[in-house]
Each structure stands twice: as C-alpha cells, then as structure tokens.
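Structures incoming, each one as structure tokens.
Below, chain A partners chain B and then partners chain C, in two separate complexes.
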Partner chain A sequence: MAELGRAALLVTLGLSGYALVAGGAAAWLGRRRLAESARNALFASFLSTLVAAAVLVAAFVRDDFSFAYVAGHSSRALPLQYKLSAFWGGQEGSLLLWLLVLTGYSALAVWFARKRARDLVVWVTPVLGGIAVGFTWLLVAVSSPFDTAAAPADGAGLNPSLQNPYMVAHPVFLYLGYVGLAVPFAFAMGALLSGRTDERWIVATRRWTLIAWTALGIGQLLGAHWAYVEVGWGGYYAWDPVENAALMPWLAATAFLHSVMIQEKRGMLRVWNVALVSLAFCLSLFGTFLTRSGVVSSIHSFTQSPIGPWFLGFIVVAVVFATVMIWLRLPQLRTTARLESLVSREASFLYNNLLLVALCLTILWGTAWPIVSEAVRGEAVVVGRPYYDFFLRIFGLPLLLLMGIGPLVAWRRASLRGLGRVFAWPAAIAVATGVVLILLGAGSSIPGLIAYTFSAFVLATIALEFARGTAARRALTGEPAVTAFGRLVGRNRRRYGGYVVHASIVLLAIGIAGSSAYDSVVEGRLSRGESLAVGGYTLTYRQLTERDGPNATEIRALLDVRRGDKSLGTISAGKNAYSVEQQVSNEVGIRSDLLTGEDLFVIAEQVDDNGTVFFRVFVKPLVNLIWFAGFVFVLGALITLWPDAREERRLATRYAPAVERADPQTTT
Partner chain B sequence: MSGWLLLGAALAVAVVVVVALPFLREPAPASDALDELDPAARERLEAEEARDRALAALKELEADHRAERISDEDYRAVVGVLRRDAAEALRALDRLKGGTPREDAKSD
Partner chain C sequence: MARTSSPARLVIALSVAAVLAVFLVYTSLAGNARPSVSPSELAGKTGEVSLAGKVVGTPTGDPHGAGMRFVLRDIEGAKKQQVTVLYKGSVPDLFRTGRDVVVTGAQHADGTFVTTPGSMITKCPSKYQAADSNA
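Our next item is the complex of A and B:
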C-alpha cells in the first residue's frame, strides 16, 4: 500500500510542478489552453494528495506497522480517534496535512475566482503551484510518511499528551489557518505579476483570508485549552515558540483584515496591504518551520533535522520573491489618496495596524533570539515571559482601547468635540467600572485594572452601536425592534460581525487579565484526611484510586471541596501511566463555576508510594471567559463570513464585463 | 509489480487526461490567446471601483449620522467632500463609457 502513497505524492509533485512551469509559461505567453491545463493540474493535485492521505489513514486504521511512520506514532491499543489524529502527530504526517489543505484551498480558491478574475487567476496558478512544489518535494525526497521497514509486533504509540480530544481538532484548525494564508498571498503575488493591481485580488480573497484567520484563531484557542487541561502546569499560554508561531501570522492577518478596509474605502495602503499579506504568509511558513524543524529546542537539532535547511530556503525564496515583486510594482501601487487627518477612521485603523505589527515583530524577535544568539555567540539566550508580558501590555492595552474608538470615528476627519459627544457614555461607563473595581480591591494589578476599564469602554461602545443602529433603523422603517435588529446585522454583516468579534476579544482580555493578574495558588504534600485552603476553597484529600484504562493505568487522588460551610462535591487529579509509550502524564482536576467563570484547578504533582500526594492548587478567576470568548469569536466570524446576496449582485454588476469575456455563454 | 503500484499508475494516467483536457477538447481552436481585459476595460473597471467606493462612503456616512455615531458637525465637514467625490467618480465613468455626463453627476 505504501507504493500507492509514494506514487500519489510523485503525481502531486508532477502536477504542482506542471502548474508552476506551464502556468507561468501560459501567463507569460498568453496561452489560454495551457493556462486551463495548468489550472486543471492544480485541481488534480488535490485529488492525488487526497489519495496519499487516504493511504496513510488506512495504514493507521489497519495497524500497518510496515509503515515506519505508523510504527513510530501508533499502537494496537491506541483508541481509534487517536489513531486518526496520529496522522498529524509527527513531522511527515503534518507536512502531508499541510499539502492536503494547501491543494484543497488552491483548487477551491481558483475555482471560485475563475470568472471574475480570470486574468488574475492565470498568474495565481503558478504561485500556488510553486508553494505546493516546495511541500511536495519535502514529502517525496526529504521526509516521507511512506517509508517502510520490517513491521514490529506493535507500534511505539502516540505521545500521551497528544492523546486528548483537543489534539484531534487543534492541528487541523491551525493548519487550515496557516495554509489558508497562502491563498491571499498567491492572489496578491498574482496581482503584482500580472500588473492587475485593482481590487479584484482583495475581493477574490476576502472570504479566504477570513476563513484562514478564523481557523487560526480557533486553532490557537483549542491549543490553549489543550495546554490548560492536558499539559498540567496550571496555565494556557506560556509564550512557547511553537505557540508564538501561530500567534504571529494571526496578528499579521488581523492587521491585514483591518488595513484592507482602508484600501476598499479610500483606495489607500496598497503597498502596505501586499506587504502585510506577504508577512502573514511568510510567518505561517516560519511557524511551520519552528514547529517542525526542531530548531527551537536547540540549534543543534537544526542540523539533525532533515527539513530545517529546506524550509529555511523556502522561506528565503518567499521573502525575496514578495519583496522583489512589491519593489517592481511600486509605481502601480502608489495612490493619490492621502491621510487627511490624524483623527479619522483610517488613521485609527493605521494606529491599530502599527500596534499589531509592532506586537507581532517583538514576538518574532523574542522567538528568534535564542536561534540568533546561539548561531552568533554559540549560546542560546532564552527570552522569558517578562519580555512578552511587557510588550503585550505596551501594545495590547492601546489596541484594546482602539477597538472601541476606531469603528466610531468618521472616515477622512473627525472633530474632537464630536468625538467627545459620541464617546461620553462609554467613557463614563469605563471610569465608573474602574472606580468600582478599585473599591472592590482590584487595584492590586494596575495592568489588570486598565484592561478591565478599557474592556468596559469597548463593550459599552459595542452595546451602544447595536442600540443606536437598531433605533435608527426603527425610526426609518417602523419595524419592530427584533426585526430591525436582525435586519441591521443581516445587511451590515461585516460591520456587526466585526463588533461581535471585538466583543470576543474583550472577553478574552477580561479572562486573561482575571486569570493571570488575580489568581491564587497554594501547594502542599497531603496525607489522607489532611486539607489545604486557597481562594476561599478548602480541599480535603480523601483517597487514592487506581484502575486500568484502555491504554493506560489511571491513578487518581480524590479530594472533597468545600467553600465556607457548603460542600461543592469532589474533584480528582492524578496521573496516567502509559505502558506502550513508557510515559506518565499529569491528569489535572478542574471544577468550573460557570456563573462566575472561575476555575478550581488541581494538579497532583507527585504521588508517593505511601499514598501521600504533593498537590498544587490554583484558583483562576474569570478563566472560563477565555473559552466562552471562543464561541463568541466563531459567531462573529460566521456573521462576517455569511454570504451577502446584495453584495454579490453589486460585484456581479461591477465585474460583468470581465465575466462575459471569460465565459461568453454566461450572462451573470 | 504490485496491485498498489498499478493503482498509482492508473492515477497518473487519469490526471494526465485531466491536465490534457483543454487540448483534447479544443485540438485546433480559432484563438488560443488569453481573454484579457484590454486597457480601456481595465480603466473602466477601476473607475467602477472608484464609483462604488465613493457611493459606499456616502451611504455609510449617512447611516452613521442617522445612528448618531457621527456628530452633525463632523457630518457637515465631510458630506460635501464625499458628494463631490461621488459626482466626480460618476462623471469619470460616464466619460469612459463614451456617454454624456448624467444630470445627477453634474450637480455637486
């Protein structure tokens, strides 16, 4: 069966190479049939990659340990869902997932844009083909999931920390995000190559960028929740290089989603937008490089990793290509529109962009510094949490405030007096919130207090926005409030979907501030019957149990939980001992109070033979708002992404001449 | 040769057919040139984008003012500029279409 997998990857390599070379030649020479043929190659490359992926899935399901990759990442006792997720549990499978998502995105994006932006798609095809060639080459020649060896009796199993439901979904969403950024990049490069720097590349990629950005956001939240419940250190984000790898392209894509509005509304920032979309894509490559090359843990693993140098070369090619293309097209990208006032919607979006990019670049510097320092000085200097926390506050808090200000400032220019009137109520609510919080004793953390005050300001502006919009619509149409509200959102999806996303970011900020600035922690070794107290809770260690799970021995310490005189039931924490993998994992106990958003979080750090247990217990106020923010984020993204028939009709009218040329039979 | 390898070969043949389809479907087309927008059509497209941008800006300003997001003072400062932009965009489009400027575009 491995032969079919290898053959399918070779076919993908041939097809993507053809899409690159024939597509480039077709665009250069203006040959229609050759361009269509290259486009078909891109479509077919998805099918051949799908065949390769199906072979690997079948090998995992059938416990075919003649596949070295399956033998290294699965075992007979592994539950089926983890056999499936073991697909992306290692380097080779992850690269195959990358390629599968890339070819899928490429086929769909090119298909949907084939009429409106035909002359653009001709140039997009070779760019997408080129990216696919890079990844397929790695899979065919450097790191193949289809290498075979004499089959052992059982596989080595899957890393226990990956045996978690979140790890089934987290990498898929992350890759949907990373790889999805290849689509706007390819269209931007296609626009530059073809010299068609009108808005069609933005229209063609708007939805794909949003999908990738949403998927990357969901992927990060799933990863954070996985770290919280599975890694067992009491947190959800540690500024780990691999975590930063996902955050950086998301920040760049967030900046792009905002700045692209300035191009759509004012025709400005054309150079900045192609630069941002290139930055986002290159950071997604850098993220995959960091995750997969092993360069982060030690510079020495870089030389040991077969894909590291290839990946680095790939990143260099992408950066140089994008830079050269932007440089060559500078005259066409220049616009006559200028920033008219520093107090305007476009100016506030620009500040937002500068802060997002500054945050992104400081994280990049912190992430890359250990690599750079080891390469230059022979000693890896790790950048710690204080560095990242400092810059998160410096750039993140003004960003939070701007989320409330930006959407309510007029385009072109606004007077300070007018702004004072618009923001009077939100500012009053924010100040009142700050005062109440100080009175309640929340002044112990100044950044936390500022974050809450700004959050109150933004939530107030969003609530007022919905209220004002609904009232204006009611006054205009006489519709009932619910109808007016529904139609207001339905007819302005990008705007109100955006507000919902902003609300989710505020909830996230409140959750992060609450759980990090106001948390409590206590630790101690307990014998049966002994108690410890933290954050108003009293925990009494009752008993230790042991049972055999599907593929691990599960040891759990049971504790009674009380708050004051009230019993809140029990909580258990312990360890799983995996026999095949020969590893032990922490299995934390979490008691969530959904009303207050607070978590009681118990780690059984050490279980002794005499039955005593060393516990570490956290109380994390408002931490559940972080996960709730995820649902609100998805809701906002869905509102924004939902197709708008009126917008489609408008675009159909605008691009009718291009469509008619592309397909004379079509009259849309 | 194993059955799996044969399946791989069949896959290769199938994709070659898919890739060759445009040439198989049209072995001798009247024209094999790409259907590209000529410079005039591209200019018109950009003018239509400018028109849409100007009209959307005006519409958004009206909606923002109606919803009291924007003060009367700020509204008055910007509305004239936006109307002029919209009129200019409509006039430019009419010129490119070869027609006479419309009445609504003449009045600022």
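Our next item is the complex of A and C:
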C-alpha cells in the first residue's frame, strides 16, 4: 500500500512539474493547446494527491503500523475519529494535507476562472504548479508519510492534547486558510506575468480570498477555544509563535480585503495590493515553516530538522519572485487616480491598511527576533507578552475606532460638517457608554474602558446604517420593515455582510477586553468541605472521584457553586491520566452564564494523596462573546460570499470585452 | 513621474515615521526581550533570564507550598552543568522528568535558580516538531 502512496505522490510531482514547465512555455509562446494540457495536468494533480491521501487514511483506519508515520501517531485503542485526525497529527501528514488543499484549491479556482479570465489563467497555472512542485518535492524526497518499517505491535498513540474535536477541525480550517491565500497570490503573479495589471485578478479571486480569510479566522477561533477548554491554563491566546503564525497572514489578508476595494472602485493602490497579497502568502508559508521546522524551540534544532532549510529556501524563492515581478511591472502598475482628500473613504481605508500592516509587522518582529538574534548574535532571547499587548493596544484600538468611521465617510472627498452630522449620534452614545462604565467601576483599566467606548461607537454606527438603509428602502418601495430589511441586505451583500463581520470583530474586542482587563483569580488548597470565594461566587469542595475511561483514568474533584444564597449547582475539575501515551492532562471545569457571558473557570492544579486539592479559579466576564463573535463572523462572511446572480451579470457585461480579446499571447 | 504633491505619500511617510518612533520609544523604555540561556550558559548572568533545559532526576517539594525543586541540564550537547530550580505556581501538564521546559527567573548567590511564580512553559511536542521527534 505504501508503494501506491509513494507512486501517487510521484505522479503529483510529475503533473505539477508539467503544469509549471509546459504551462510556463505555453503562456510565453502563446500556445493555446499546450496551455490547456497544462491546466488539465493541474486538475489531475488533485486526483493523484487525493489517491495518496486516501492511502494514508486507509493505513490509519486499518492500524497498519508498517507505515512509520501511522505507528508514530496512532494506536489500536484510539477512537476512529482521532485515527482520522491523526492524519495531520505530525509533520509528514500535515504537509500532505497542505498539498491536498493546495491542489484542490488550484483545480477549483482555475476551473471557475477559465472562461472569464482565460488570459490570466494561462499564467496562473504555472505559478500554482510551481507551488505544488515545492510541496510535493518535500513529501517525496525529504519528509515522506509513506516510509515503512517493521510494524510494532501497537502504535505510539496520539498526543492526548490532540485527542478532542477541536484538534480534528482546527488544523483543517487553518490549512484551508493558509493554503487558500495561494490562490490570490497566484492570480496576482499571473496578472503581473501577463502584464494585465487591471483589477480583473482581484475580481476573479475575491471569493477565494474571502474563503481563505474566513477559514483562517474560524481556525484561529477554534484554536483559541481549544486552548481555553482543553489546555486549561485559563486563557485562550498566549502570543505563542505558533499562534502568531496564523494571526499574521490573517491580518495581512484583512488589510488586502480592504485595499482591493479601493482598486476595484478607484483603480488606486495597485502596487500596494500585489505587495500585500504577496506578504500574506509569504507569511502563510512562514507560518507553516514556524510550526513545522522546529526553529522556534531553537535554531539548533532547525539545522538538524530535514525540512527547515528547504522551507526557508522556498520562502526566499517566493519573496524574490514576487519582488522581482512587482519591480518589473512597476511602470504598468502606476495608478491614474489619486487620493483627493485626507478625509475620504479611500484615506480611511489607507489608515486601516497602515495600522493592520504595522500590527502585523510588529508581531512578525516579535516572533522572528528570537530566531534572528540567536542566528546573528549567538544570544537567544525571549519576547514576552507585554511587548505584544502594548502593540495590540497601540494599533488595535485605533483600528477599532476606524471600523466605525471608515464605512460612513464618502468616497473622494468628505466634508467635515457632513461627518459631524453622521457621527453625532454614535459619538453621543459612545460618550454616554463611557460615563456609565466609569460609574460602574470599569475605570480600573484604561485600555478596557477605551475599548468599550470605541465598541459602543462602532456598534451604534452599524445599527444606524442598517436602520437608515431600511428606512430609505421603505420610503422608496413601501415594503414592510422586515421585507425591506431582508432585501436591503440581500441586494447589497458585500456591504451589509461586511457590517456584520465588523459587528463580530467588535464583539470579539469586547470579549477580549472583558476577559483580560476585568478578570479575577483566586487560588488555594482545599480539604473536603472547605470553601473559596471569588468574584461573588462561593465554591465548596465536596468529593473526589476516580473512574477508568476508555484510554485514560479520570480523576475529578466535585465542587458546589453558590452565588450569595442561591445554589448554582456543581462543577467538576480534575485530571486525565492517559495510559498509552503516559501523560496527564488537566480537565478544567467551566460554568458559563449565558445571560452575562461570564465564565467561572476552575482548574484542579494538584491532587494530593490525602485528598486535598489545589484549586485555581478564574472569573472571566464577557468571555463568551468571543465565541459568539465566531458565529456572527461566519454569518457575515456567508452573506458576503453568497452567490449573487445580479452581481455576476454586472461583472459579465463589464468584462465582456476582455473575454473577446482574451488570448494567451502576451508581450514581455 | 513622481508626483510629490500626492497626500497619500505624505500620509504613508508620516505613518511609517510615527510607527518607527513608537517602536523605538517602546523598545528603549521597556526592553523587548529577555535573554534565553541554557544551564551551562547561566554562570555570570545577572538579572532576569529565561532558562531552558531538560528535567533530570525526580522533582521534590510542593509547587503550591514552599516550592518545588528540580534539576535542569542542557537540552542539547554533552555539557554536564546542572542547575537546581526552585519553582512555585502552576505546573503544566507536560512537566515531568525528561521533558524540556522553560522557566523565567534569576540565579541567587547559593546557585539556586529562583523562578517567577507561574512562569513555567513546557516545550510542547505537538506544536513544535523538533528534529528528534521526526521518527
């Protein structure tokens, strides 16, 4: 079976190599038939990768421990769903997942764009082929999931912290995000290579960018929720390099999603957009590199890691290629329009972009500095949480404010008097919120107070936008309010979907501010019957139980929860001792108050032989808004992504002449 | 055809300057990085550092009482230097003999490395795939 997997990967290497070489030649020479065969090779490479993936899945399901990778990441006792997710439990399988997602995206994106953007697609094919060649090479020559060895009696098992539903879904979404950024990157490079540097590549990839960006966002929230409920240290984000690895491309992609609107509407910022999409893609490569090369723990383990240097080389190639292409096409990328006023929609998008990129680059600096320092100065350093928190506030809070201002400022040139009218109500609501919060005692954290005030401002502007739009539509059509509201959103999906996404980011900001700036924590060692008080709750330790689960021994401490005189039931926290993997994991107890969004979070840190338990208890206000924001985020993204027949028709007429004159010929 | 009058250029230039200024002020005031050392590099280092090492022997004592004591040695290389660490606070699930951990603190005159409470991080094998776990 392993031979079939290896063969399938070799076929993928051949096909993607053909897509690169033949596709490049076809585009250069203007050979239409050759370009079509290169495109078909790209489609076929998805199928051969699918075969390779199926072989690995089958090996996991059948407990075929002659696959070294299966033996290293699974065991007979592992439940089936975790045998499947063990596919991406290690490096080789993760790379295979990367390749599978890449070839899948490539096939779909090229298929959908083959008619409307044919002249671009001939150049996009070799770029996507080139990326696939790099990854297939790693899988074939450096880090193969199909290496075989004498089969042990049982596998080594899967790391217990990966044995939960989050770790089934989280890596898939992250990779759908990371890899998805390859599509807009390839189209941008295709546009540069073909010399057709108008906004068509943006129109052709808008949905792909949004899908990748949404998936990356969901993946990160799933990871945060996993850290919160499973890792059990009481937080959800620790500025860990691996977490930053996913946040950086997401920030760059967020900037890109905004700035492309300016190019679509006004034809400005062309260089900036290709640079941003290149940055986003290179950061997603860098993210995969960080998580997979061992470079984070030490530069020494990086030099021993087989894929590290290859990956670094790969990133260098991507950066150099993108830079050279942008440089060569600089004259064609010159914009005709220009910024007319510093108070305009364009300008506010520009500020938003600068803030997002600044935040992204400071995080990059913090993440990369330890590596650079160890390599250059020979002295290893650690960049701590205060660094990141500082820059999140410095750049994040103005971004939050801009989210309320930007969408309401007129294109081209806005008058200050008009702005005063538009923002009078939201500003009044924000100030009122701030005053109320100070009276309630929220002044204990200034950044928290600012975040809440800005959040109130943004939510007010969004609510007013929906109300104004609905009212205007009712006045125009005489529809009932609900119909008018539905049609308003349905006819302007990008705009109102965007507002919904903005609302979700505000909810996220409120949740983060609440749980980090206004939380409380108490810890102590309790014997049975003893109590502990925190944030208005009283917890009484009742009993300790021990139970044998399918693959772990579960120890639980049971506590009564009271608030004042009212009993709120019980909560249990403890530890699981995994037998095969010889590891202990914290199982925290969480009681969510869905009305206030507050969590009571109990960790049983240490269970002593005499039955006393050391508890650590957090009260985290509003933390559930973070997870709720995830659902709103998906809703908003779906609204903007939903196929829109009228928009399709509009685009079809707009780019019809382009299709007429489309042919693979190009001038270089 | 540079158009120096474009406000976009001005905005970008001013923003870049502002960001750089904030960055420089912050790094010079707060100091953005702690040195990270191994047990064999610890000698002579004063002030707060991150100490990364491999746990050897059996940890003793109560991390939530008087403190837990354990011994760290270099993760890589043949160096024999060992450091006794006094640790208080949360102990991560992955902590045990043979694992690689990072703690923050400073070395006292008696040679004991006294940590900032709760500063222990284990190098998580699921996230960072180091060379030796590639088998």
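The working rule: the second predicted complex is superposed on the first by the 656 of 668 C-alpha atoms of A that agree within 3 Å, B and C clash if a C-alpha of one lies under 4 Å from a C-alpha of the other, contacts with A are read in each partner's own complex, and residues count from 1 in each chain.
Assume a contact is a pair of C-beta atoms (placed from the backbone, for glycine too) under 8 Å apart; a residue touches a chain by one contact, two chains touch by 3 or more.
All values derive from a computational prediction rather than experimental measurement.
**Q** With the two structures laid over each other on chain A, which partner does A:Val142 touch: chain B (first), chain C (second), both, or neither?
**A** A:Val142 contacts neither chain B nor chain C.
**Q** Touching A:Leu408, do we find chain B (first), chain C (second), both, or neither?
**A** first
**Q** Report for A:Val271: first if it touches chain B alone, second if chain C alone, otherwise both or neither.
**A** neither
**Q** Is A:Pro370 touching anything from chain B or chain C once the two structures are fitted on A? First, second, both or neither.
**A** So A:Pro370 only meets chain C here.
**Q** In the overlaid three-chain picture, which partner chain does A:Leu312 touch, first (chain B) or second (chain C), both, or neither?
**A** neither
**Q** Looking at A:Val634, would you say it contacts chain B, chain C, both, or neither? Reply first, second, both or neither.
**A** So A:Val634 meets neither chain B nor chain C here.
**Q** Just chain B (first), just chain C (second), both, or neither: which does A:Phe614 touch?
**A** It touches chain C, and chain B stays clear.
**Q** Inside the complex, what are the residues of chain A that reach chain C?
**A** 68, 72, 89-91, 143, 159, 161-162, 232-233, 240, 242, 268, 291-294, 296-298, 300-301, 304-306, 334, 338-339, 341-342, 347, 350-351, 354, 358, 362, 366, 369-370, 373, 379-384, 386-387, 390-391, 394, 523, 525, 575, 583-586, 603, 605-606, 614, 616
**Q** Provide the residue numbers of chain B that touch chain A in the complex, in ascending order.
**A** Touch list, chain B to chain A: 2, 4-5, 7-9, 11-12, 15, 18-23, 26, 29, 31-37, 41-42, 44-46, 48-50, 52-53, 56-57, 60-61, 63-64, 66-71, 73-75, 77-78, 81-82.
**Q** Within the complex, which stretch of chain C touches chain A?
**A** So the residues of chain C in touch with chain A come to 1, 3, 6-8, 11-12, 15-16, 19, 22-23, 26, 30, 32-37, 50, 52, 62-65, 75-76, 90-94, 100, 102, 104, 123-132, 134-135.
**Q** Provide the residue numbers of chain A that touch chain B in the complex, in ascending order.
**A** 1-4, 6-8, 10-11, 14-15, 18, 26-27, 30-37, 40-41, 43-44, 47-48, 51, 118-119, 122, 196, 198-200, 264-267, 408, 410-415, 417-419, 421-422, 465, 468-469, 471-472, 475-476, 650, 654-655, 657-658, 661-662
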